[in-house]
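Here you go, one structure.
All chains are identified by letter, namely A, B, C, D, E, F, G, H, I, J, K and L, in their written order; residue positions are counted from 1 within each chain.
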Amino acid sequence: MTVVKSTIPEAARQVTGDALQSTLVDLLGLSLIGKQAHWNVVGPRFRSIHLQLDEVVTAARDFADTVAERSSALGLPPDGRPETVASAFTLPGPKEGWVRDSEVVGLMVESLEAAIARLRERIEATESADPVTQDLLISITAELEKQRWMFDAENWPRED
Amino acid sequence: MTVVKSTIPEAARQVTGDALQSTLVDLLGLSLIGKQAHWNVVGPRFRSIHLQLDEVVTAARDFADTVAERSSALGLPPDGRPETVASAFTLPGPKEGWVRDSEVVGLMVESLEAAIARLRERIEATESADPVTQDLLISITAELEKQRWMFDAENWPRED
Amino acid sequence: MTVVKSTIPEAARQVTGDALQSTLVDLLGLSLIGKQAHWNVVGPRFRSIHLQLDEVVTAARDFADTVAERSSALGLPPDGRPETVASAFTLPGPKEGWVRDSEVVGLMVESLEAAIARLRERIEATESADPVTQDLLISITAELEKQRWMFDAENWPRED
Amino acid sequence: MTVVKSTIPEAARQVTGDALQSTLVDLLGLSLIGKQAHWNVVGPRFRSIHLQLDEVVTAARDFADTVAERSSALGLPPDGRPETVASAFTLPGPKEGWVRDSEVVGLMVESLEAAIARLRERIEATESADPVTQDLLISITAELEKQRWMFDAENWPRED
Amino acid sequence: MTVVKSTIPEAARQVTGDALQSTLVDLLGLSLIGKQAHWNVVGPRFRSIHLQLDEVVTAARDFADTVAERSSALGLPPDGRPETVASAFTLPGPKEGWVRDSEVVGLMVESLEAAIARLRERIEATESADPVTQDLLISITAELEKQRWMFDAENWPRED
Amino acid sequence: MTVVKSTIPEAARQVTGDALQSTLVDLLGLSLIGKQAHWNVVGPRFRSIHLQLDEVVTAARDFADTVAERSSALGLPPDGRPETVASAFTLPGPKEGWVRDSEVVGLMVESLEAAIARLRERIEATESADPVTQDLLISITAELEKQRWMFDAENWPRED
Amino acid sequence: MTVVKSTIPEAARQVTGDALQSTLVDLLGLSLIGKQAHWNVVGPRFRSIHLQLDEVVTAARDFADTVAERSSALGLPPDGRPETVASAFTLPGPKEGWVRDSEVVGLMVESLEAAIARLRERIEATESADPVTQDLLISITAELEKQRWMFDAENWPRED
Amino acid sequence: MTVVKSTIPEAARQVTGDALQSTLVDLLGLSLIGKQAHWNVVGPRFRSIHLQLDEVVTAARDFADTVAERSSALGLPPDGRPETVASAFTLPGPKEGWVRDSEVVGLMVESLEAAIARLRERIEATESADPVTQDLLISITAELEKQRWMFDAENWPRED
Amino acid sequence: MTVVKSTIPEAARQVTGDALQSTLVDLLGLSLIGKQAHWNVVGPRFRSIHLQLDEVVTAARDFADTVAERSSALGLPPDGRPETVASAFTLPGPKEGWVRDSEVVGLMVESLEAAIARLRERIEATESADPVTQDLLISITAELEKQRWMFDAENWPRED
Amino acid sequence: MTVVKSTIPEAARQVTGDALQSTLVDLLGLSLIGKQAHWNVVGPRFRSIHLQLDEVVTAARDFADTVAERSSALGLPPDGRPETVASAFTLPGPKEGWVRDSEVVGLMVESLEAAIARLRERIEATESADPVTQDLLISITAELEKQRWMFDAENWPRED
Amino acid sequence: MTVVKSTIPEAARQVTGDALQSTLVDLLGLSLIGKQAHWNVVGPRFRSIHLQLDEVVTAARDFADTVAERSSALGLPPDGRPETVASAFTLPGPKEGWVRDSEVVGLMVESLEAAIARLRERIEATESADPVTQDLLISITAELEKQRWMFDAENWPRED
Amino acid sequence: MTVVKSTIPEAARQVTGDALQSTLVDLLGLSLIGKQAHWNVVGPRFRSIHLQLDEVVTAARDFADTVAERSSALGLPPDGRPETVASAFTLPGPKEGWVRDSEVVGLMVESLEAAIARLRERIEATESADPVTQDLLISITAELEKQRWMFDAENWPRED
């Protein structure tokens, strides 16, 4: 017996469920590496970046909640357990220990860029499957692209 | 060259650092499994427990931040990356998929109980090493014991 | 002479106007039956459901206002008079008198499910007619699907 | 078996219940026609009246809730379902479509006047039956008489 | 020499003073047993009832303050000392130790019912003596009857 | 032609109108003499009384507004012009210049006492004429009696 | 013996005191006639002007308080008693009874204009006597000139 | 070397960039002419329209900021300098000097209508280029269409 | 079967439970006598002390709640029923009737002093038994010592 | 026929009107170039300067509104249309495209410096013409000088 | 090379700088002696004066910040270091240890009086040098004169 | 005769009093040098450090108040007069005039480090003398160590 019923057809639900589950992992992962950098950043720009990272973390946590609840609303139990996040998360993040401020900035640009690329694929994938989910993914992308720009703007002139 | 200097002696710092790092993992883990249960709980008590879990998550996230920043303040870079949390987290949590409300309640009692037992050991361990850290661990214990009681009170009459 | 002019072509306006008018009726109806259940629910889960129903009512009222003003903005006078709501409203609702809590939960699942099915049809219908209206219908669907899930989650194990 | 018990004698409860039920219908009806006019009003005084109507709606909704819960508190299940409101509501309201601003003003004066006359009868009827309910009806009358005055003041010089 | 003078005649003051003093004891007693139940309730509905009881306590405390200050305003020093409350309080309350949730609900229905019956007598008694005090007693009754209904609604189906 | 129509019969309106107009003058007068004392009080209790007087002024102003609008709502234009207040105001107030703190306290007791006596007469006078107005006068009396008690309590031991 | 001492020389104090006392009367008078018009205005623009008048009243009351306290601060007891206001107030105000909206607008333009002319004289008079008082009079003038403009703007095309 | 990198392909970026840049100019222009009318409007409806215009200005400013930052986020530096706005802005606006209230209303209807027509073209143009930008343009259109309706509603009966 | 389990060993729990139960009685008793004095104080310092007592009451109520919930959290049902408070409360309090302001001040110094002495013993007693409870008792002592100082400071020069 | 009348003599009005009109242009221009820099700044100090610029923009917008309304209050219609701002604005601003952070800082110092110099001339010019306007110009200067200092402080050591 | 440039001529800057630096010392000194009295006052008026002193401290701190930043804005580094305050501060303040309430009141009158006299000299001195600074000094004087009055009013009848 | 009595034995009071008095001086000193740096810092990191210093100042001021009131509560009059702070303050602070941003950062690390070392000694010293005071010192240390870390983190790579 189905526990929570769905309001969209089975096929659509599969596509949508995959998009939501992988977005959930990306967002929970981002919230963890954002906090990791928030605590470990050092360098003259410490305070500015320390604060900026908390905005990424807040956005990531809030969207993670909405994404997971959207998955539940479609009858698909979301999975955000520590082991799931650790094994499924693929975005670049800081290594152990203190990290230089400029390095954090570069890292966040990269990590957000990767998250955005994956989101844009899911926007396409869900277009016909579920416009309601697509609309949510569009909102997340708008926010992450804004965050990415702000790190990119302060990443200039780039050292590479 | 030391990046962030410490304000307590090396030996004390080691003890304190261990206590803080393992507390950080417990709290981040709790915040993840609390959200997992928040999204996947089903049963007639859904709404009540759904809301109660968010209070645990909020407390766990806030304390995790304080604990990690306390570690940084002592010159010890905290580690809260996904892979660290996943491998070091030992408290019981929900399995994949929907979970019955009464099961969630029992699980939270167990998980908070385990976290509290570990915290009480660290309270003792840090007493002479760093009373400032000890005071923080005492606050965390007070909150988690309150949360544990509330789940335990609604866990009665227990089915075992 | 046209009273309020439209910003979209006549054909598009007809489709959009129909979608908005029937959504308005559904939302006003939902707000009335939500309150009816809020006042008449009895049983051990009274308080939890009493509060939950007010969230549905608030959402329904707010969206009803936005939907009706969108209709006006397109030059189509919306109709939300008592007689119109009574005759055009087709979603299931509570009968007269006290209602058992579990019955309310089942009823809200059904009623929201019916509302959502109708909204999903209108999302398709308005896609080319007016993407601005479509976007509004998508937001309403997201909210109602979330509300539906929460009632469905506490509707388990179902008695049927 | 009585579901919710009453705190007043049966005879008193009948009188009070009738007063509350018909007041509930008047207030829910007022909230619907107030919104109807809020959306459909046109003319140079549009903005002023559009805002003023929302104050009537807010008052009507808040009092409807208090009235219905008072009925429940006396052990009488209130009835605010769409079909009940439509069939029992007798106050004048706007017809379908756009309405001229001056017409709305005149209509609100009339409709509030009718509501007040009915309330004043119920204040008398409940005086000995239930002073607690009477006190609530007095508060509602005070508010509706204030709203009526404000529409009447801007209805001058009257066109009749 | 009179300390605080009265604004009503002596006879009226006696009747009113008695009504206020016994209402004060009932409200202070309610606030204490409400908290007692808030702390000692156990069972699956713990959280819901734990929160609901705090609303009773807040109402009881706020009204107790108004009642006592009304007594002072009439030149009659109110008495809310521990020994007075303990000896004069006659409403039923929880016994020592943990209390089952359903038992708390039944108890609150009984206790509020007794308080309301006593208030309704005082409303009559003060009608000619002091309409200002009567108006206050009417407000208290309205609130306690609302609270009583909510416990009664979740007390159903009653086990008796 | 009547400008603003009334909702009560002519005879009742006369009684009620008189009660409201004289209450309006008392309240506007109180707000002016309260401010006068607020600015001119001297003595060791300056700060305490300076603040307390502003609470009287705020209450007087708020009630004056409600009273005047109630009069308008009954179709009777209220009169609160400077010359009307000056000629119709009969309560005792401070004379010109600095006033000793203890004198202000005694004066406020007297002035509020006179206002209350007049209000209690109007409560009786309006009982059958208009229970809605009576209810407002009861609220004003409750507040002024509370203010009077507080001045009386600090007026002790009285110097007379 | 001086009660409250002054911080400016006697001559300066006289000039400043006169300026403050007459400003106080103008502001208290404005607050009374503003409210009078607020309650008695009728006509299609009722609501707009009713609200606008309250902004004048609020400004007049707040400035009256500051002006009176400034007088006290200079050791000059201010006089704002009903009889003083009535006899010293010279600005035009509404006559008894209902007033047509357009008439109110014209009246406020006139009354504010007169108040401003008097303030501009006092600004000059206090320039060398007390720049602190002058600065306060400048702030009052700025606000009243803004209010005057808004009434004047809606007074157009003028009927004269 | 690119300063801020883009997350969408070059062709898409060109289309999107054009849509955003011209929307930015329209919104900044609207905020300037909205304020111009806010300051210069005269006539009996002054206050109502004065306030309404500020809502248009606030909306225009907030959306201008979001639009410009979206452009930056896509690696395209937005241009909102005075000379750019002046030369590129094509919507109708008020001429120099005082403007009659009814004229302002007609002007805002026209100007918003023109802005909406241009936005609807850009919604189509960006659909495949960038759904994230399209979603933003849809939100802006929804708001401007609501504002347009409100001016149009009070523009009736039109003088043409 | 244990209802709520404990997180500390039995012996520690006994000591801690006793400390918490007697602290609970002291705080509930303080809140009652604080209110008693708040209502019955007379004399020139009435207003100042009336307000100050409410701060004691608020602190006492808030800490009572925390103390009782801490007891529950340790598996020990707290007892705050009227009869328990009356029989176990040993701190000095006001006698029946009006109390002179200076007497209230002396009384609060004494009563808080006694409460503090008892708390300091419990701080010692719980040090090894439960540092979490000890930390709570320390916070309560800090607050009550602050309150005691403020009464003591205004108790000078003492009449003894 | 004059539309809005003035409260100061013609000659004074001319001088004041010129001062206000050119200040309006400077402030609207500053708000536009401040936003331009807010969107286009790049470099390691991006976030800090991005936020700082918004404070300049907010101040400029708020003062522009006050300045324009002051002009209206004096009967002089202000001109803040796009073409007026573009042609009359003479302060230095950023060129098109991305701008390096240090360049933005230097630019803001220069632009604010120029604005301040012009304001100081107008402060002198309006001294005898209109002290009310002069007071407003003084407030604007105080704020812009504070903003200028903060940019100048972070402009050091200057590269020139 | 100048670090922060000035916007006023050198001579004016010297005069203004001196006025600001000595005002800064007076305000920081006042904030320290205000707190000293806040902590050490004893006597029956303790609470009233304890609270009143905090208003002086808050005002002094806020103005000190504005004054120091104004100095920086003029290119003159302000000096508020402990040793500077101690050596340059000349206003009377409390001696070590507890201070009787009446003594504190007298002391604050004296100290504020001295501060005001010095401010009035600086208002004159800066009139032509910098009207912006003068305006700030006028605001500070207004506030300190208000504070002084309130202490003086409660200093009466003076013991001298 | 003792003015304010103590709640701890004489010996304990001496130790505690010394700890509190020297902590008070450190905190008041820190608040003054924090503000000094806040006003005088220059360099590209100006804004970030300017804001960060205000957080130190706020924390120092708030803790200074708590520390001084704790001293009073123990019957020991605290001493925070300008001359006491100047002579007893020993932490390093900025010299006169502008200070480079990097220098401020280094200075704050040093100054906070010294303050923390002194606090840690006092935590030990008060452990048996007064655990309530010790708990306060622990809280202060936690906050200052957090502030120190944040300056240290942005002090890297250190120039030494």
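Rule of thumb we're sticking to: a contact is a pair of C-beta atoms (placed from the backbone, for glycine too) under 8 Å apart; a residue touches a chain by one contact, two chains touch by 3 or more.
Bear in mind that the values here come from a model prediction, so they are computed numbers and not experimental data.
*Asks:* Please give the intersection of the contact partners of subunit E with those of subunit I.
*Replies:* B, F
*Asks:* Would you identify the chain whose Cα-based centre sits farthest away from the centre of subunit J?
*Replies:* Greatest centre separation from subunit J goes to chain E.
*Asks:* Rounded to the nearest 5 degrees, what is the angle of the rotation relating the C-alpha atoms of subunit C to those of subunit L?
*Replies:* Rotation angle, to the nearest 5: 180 degrees.
*Asks:* Measuring from the mean C-alpha position of subunit A to the mean C-alpha position of subunit B, what distance in angstrom results?
*Replies:* That pair's centroid distance is 23 Å.
*Asks:* Suppose each chain is reduced to the average of its Cα coordinates; what separation in Å results between subunit E and subunit F?
*Replies:* The mean C-alpha positions of subunit E and subunit F differ by 32 Å.
*Asks:* Taking each chain's centre as the mean of its CA atoms, how far is subunit H from subunit K in angstrom?
*Replies:* So the centroids are 50 Å from each other.
*Asks:* Report the inter-centroid distance (CA atoms only) between subunit C and subunit E in whole Å.
*Replies:* The mean C-alpha positions of subunit C and subunit E differ by 41 Å.
*Asks:* Note the residues in subunit C that touch 2 or more other chains, in rising order.
*Replies:* 3-4, 42, 45, 48, 69, 72, 135, 153, 156-157
*Asks:* Could you run through all the chain pairs that touch each other?
*Replies:* Those chain pairs which touch are A-B, A-C, A-H, A-J, A-L, B-C, B-E, B-I, B-L, C-D, C-E, C-H, D-E, D-F, D-G, D-H, E-F, E-I, F-G, F-I, F-K, G-H, G-J, G-K, H-J, I-K, I-L, J-K, J-L, K-L.
*Asks:* Can you name the residues of subunit B that touch subunit A in the complex?
*Replies:* Of all residues in subunit B, those touching subunit A are 3-4, 28-29, 32-33, 35-36, 39-40, 42, 61, 64-65, 68-69, 71-72, 77-87, 89, 93-94, 96-98.
*Asks:* Would you tell me which residues of subunit K are touching subunit J in their complex?
*Replies:* 1, 3-5, 7-8, 69-70, 72-75, 131-132, 135-136
*Asks:* Any idea which subunit F residues touch subunit E in the complex?
*Replies:* 113, 116-117, 120, 123, 134-135, 138-139, 141-142, 145-146, 148-149, 152-153, 156-158
*Asks:* Show which residues of subunit F lie in contact with subunit K when the two form their complex.
*Replies:* 41-48, 50
*Asks:* Per the contact definition, I'd like the list of subunit H residues that touch subunit D in the complex.
*Replies:* Listed in rising order, the residues are 45, 48-49, 51-52, 102, 150, 153-154, 156-157.
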